[in-house]
Amino acid sequence: MDKTEKWINWITHFTEVIIEHKDDLNGLDSAIGDGDHGSNMDRGVKAVKEKIDGADYDELTDLFKDIGMRLVSKVGGASGPLYGSAFISMAKAAKESQEPAVLLEAGLEGVVKRGKADPGEKTMVDVWHPVVNSVKEGSLTQSVIDDALESTKEMKATKGRASYLGERSIGHIDPGAQSSAYLFTTLLEAGVLDD
Amino acid sequence: MDKTEKWINWITHFTEVIIEHKDDLNGLDSAIGDGDHGSNMDRGVKAVKEKIDGADYDELTDLFKDIGMRLVSKVGGASGPLYGSAFISMAKAAKESQEPAVLLEAGLEGVVKRGKADPGEKTMVDVWHPVVNSVKEGSLTQSVIDDALESTKEMKATKGRASYLGERSIGHIDPGAQSSAYLFTTLLEAGVLDD
Amino acid sequence: MTKSTGILLVSHVKEVAEGLTRLLDQVAGDVTIKTAGGSEDGGIGTSFDLIAETLESFEEKTIFCFFDLGSAQMNLEMAIETSDKDVQLMKTAFIEGAYTGASLLQAEVDPDEISRQLKKLVIKD
Amino acid sequence: MTKSTGILLVSHVKEVAEGLTRLLDQVAGDVTIKTAGGSEDGGIGTSFDLIAETLESFEEKTIFCFFDLGSAQMNLEMAIETSDKDVQLMKTAFIEGAYTGASLLQAEVDPDEISRQLKKLVIKD
């Protein structure tokens, strides 16, 4: 299996899961935002799929760059530049390393550089941060992802659209945290972390 | 001559002067505003003319009220509620008195209540204020009006749209001060202050 | 009318007020949002008559009013004086204040608490 | 291009950005004002591609950028990073800041001085 294949499998699988859960993501975003996170991601992953389907990638950096650029262009909203920055940052790191831990850490840095959210602000960072830490320790499991996702429920949003709601954002799962949970569940399932 | 006639003559004359100077007023407003003061006033006085032409007014209060309501409805912009408040305030005062000084002072109070401008802020108040004072002293002449108008040129606007320009508002005559100057010149000419 | 407070958007430009309504509808589908945009003749400006009529057309007793530029304010204040509604004139940034207000009304936050939260966005005097 | 600084208006709604242009044109006829409103498919949102293209289309070297809601900001920041223009992201109230900036550019006030004056209208972080 060549070095880009499992990463392509991951993204392909992620695409399917997003398309399948479009309405769920819109529903989460309706509660504390503008109800479009599913539609945004759906549009984005379909554009990614179109770009990488049939294309040949010898280098991971090229794959990630294409994914990142498509997401930036097509997702729109806040999550477009965030996911886009993650993959563009991973593309840069992939010039030096193929290590999942290194790459995913670069992805997190991309998200944080773009959105300037700290953990605890009820955003996708609240999934990315613990997940990347676990990947670095070699201890990522589904329950790490589930717990991280669940933890956003009791947080009060202080970044993103949900922050307009203040206290009223409490009690709802963050939609970007949910799409990020899908990203990492499919990462586990695609065996990217296996050696 | 019945008691409303000279006031009607005044407004009729004012209407003509505004229509004649529509472009001049727009020009003044272009320099430090949005260029519509002439068009606004033109629309307003035409609506006033339509209302009072042919109508019979036994009471000054009714005349002023109709003028005020038409100006509020039709002028738009900032000057609509300002001139409108002046005449509505004059209508209230006219229930108690027919004295020009009393009525015009009520008009000034209407403008100030609505726009909250002090003298020196480069607005129509810089014409209304000295003119009303002179009327009270029985000393209103054309040169009082001209001087008041001219004084707005060197003022820095701190109320109204021109205030967005800060220092750059200096060196231009205020459009609302100009239309107010027409108002008081025609007042003199109509002989409202003569006894 | 599914909330007790409605929103009135007063802009010098009809398209701005109507476009903003689309943005607010996304986050506040149950809040009544009405507009009084542009001058009487469809040009740029504000109209006392249009504002007054729109205010009266609300079923809600309380109305949060947002406006773009100062020259709208005097028309609005006159309309408020002639209205028997409880109208709160919000001197916030127009779009940002209206967005925040609509989101919080949708989330059933108490109107007094919303007014307090909107203070942070006040930029008009 | 008759001034050295242009204005870019980024809104989630096309009609809002375009309507605002009409308001600014009244007071700043000599200032180039462009819009990037709405998502790619004409819906509500912002589009990196549209913002980036519009930025590049300016002849002016300096561009004052105004935006409505925070979720436009990240798309804008990415577009600014990929542009070789001198773009100043204004965190002011959208309409009020753009109106003030346009008025002052029209009056040929120095852009640095304008940025200073706009600080009073900053409400985003």
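For reference, chains read A, B, C and D in written order, and residue numbers begin at 1 within each chain.
Keep in mind that, in the parts below, contacts are C-beta pairs under 8 Å (C-beta built on N, C-alpha and C of every residue); 3 or more make two chains touch, one makes a residue touch a chain.
Just so you know, these numbers come straight off a predicted model, no measurement behind them.
Set side by side, the interfaces B-D and A-D show unequal numbers of C-beta pairs in contact, with more at A-D. Of the chain pairs listed in B-D, A-D or B-C, the one whose interface repeats that of A-C (more than half of its contact pairs identical by residue number) is B-D. Between the Cα centres of subunit B and subunit D there is a gap of 37 Å.
Chain centres here are Cα averages; for subunit A and subunit B they lie 63 Å apart.
Separating the CA-averaged centres of subunit B and subunit C is a span of 30 Å. The set of subunit D residues that touch two or more partner chains comprises 26, 44, 69, 99. In subunit B, the residues that touch at least two other chains are 34, 36, 161. Those residues of subunit C that touch subunit D in the complex are listed here as 11-16, 18-20, 22-23, 26, 44, 68-69, 92-96, 99, 120-121, 123-124. Within the complex, the subunit C residues that touch subunit A are 26-27, 99-100, 103-104, 107-109, 117.
Put simply, subunit A touches subunit D in their complex at residues 34, 36, 40, 43, 72-74, 76-78, 80-82, 84-85, 114-115, 160-161.
Interface of subunit A with subunit C (complex): residues 33-36, 161, 164-166, 168. Residues 39-41, 44-49, 69-71, 74-75, 77-78 of subunit C are the ones touching subunit B in the complex.
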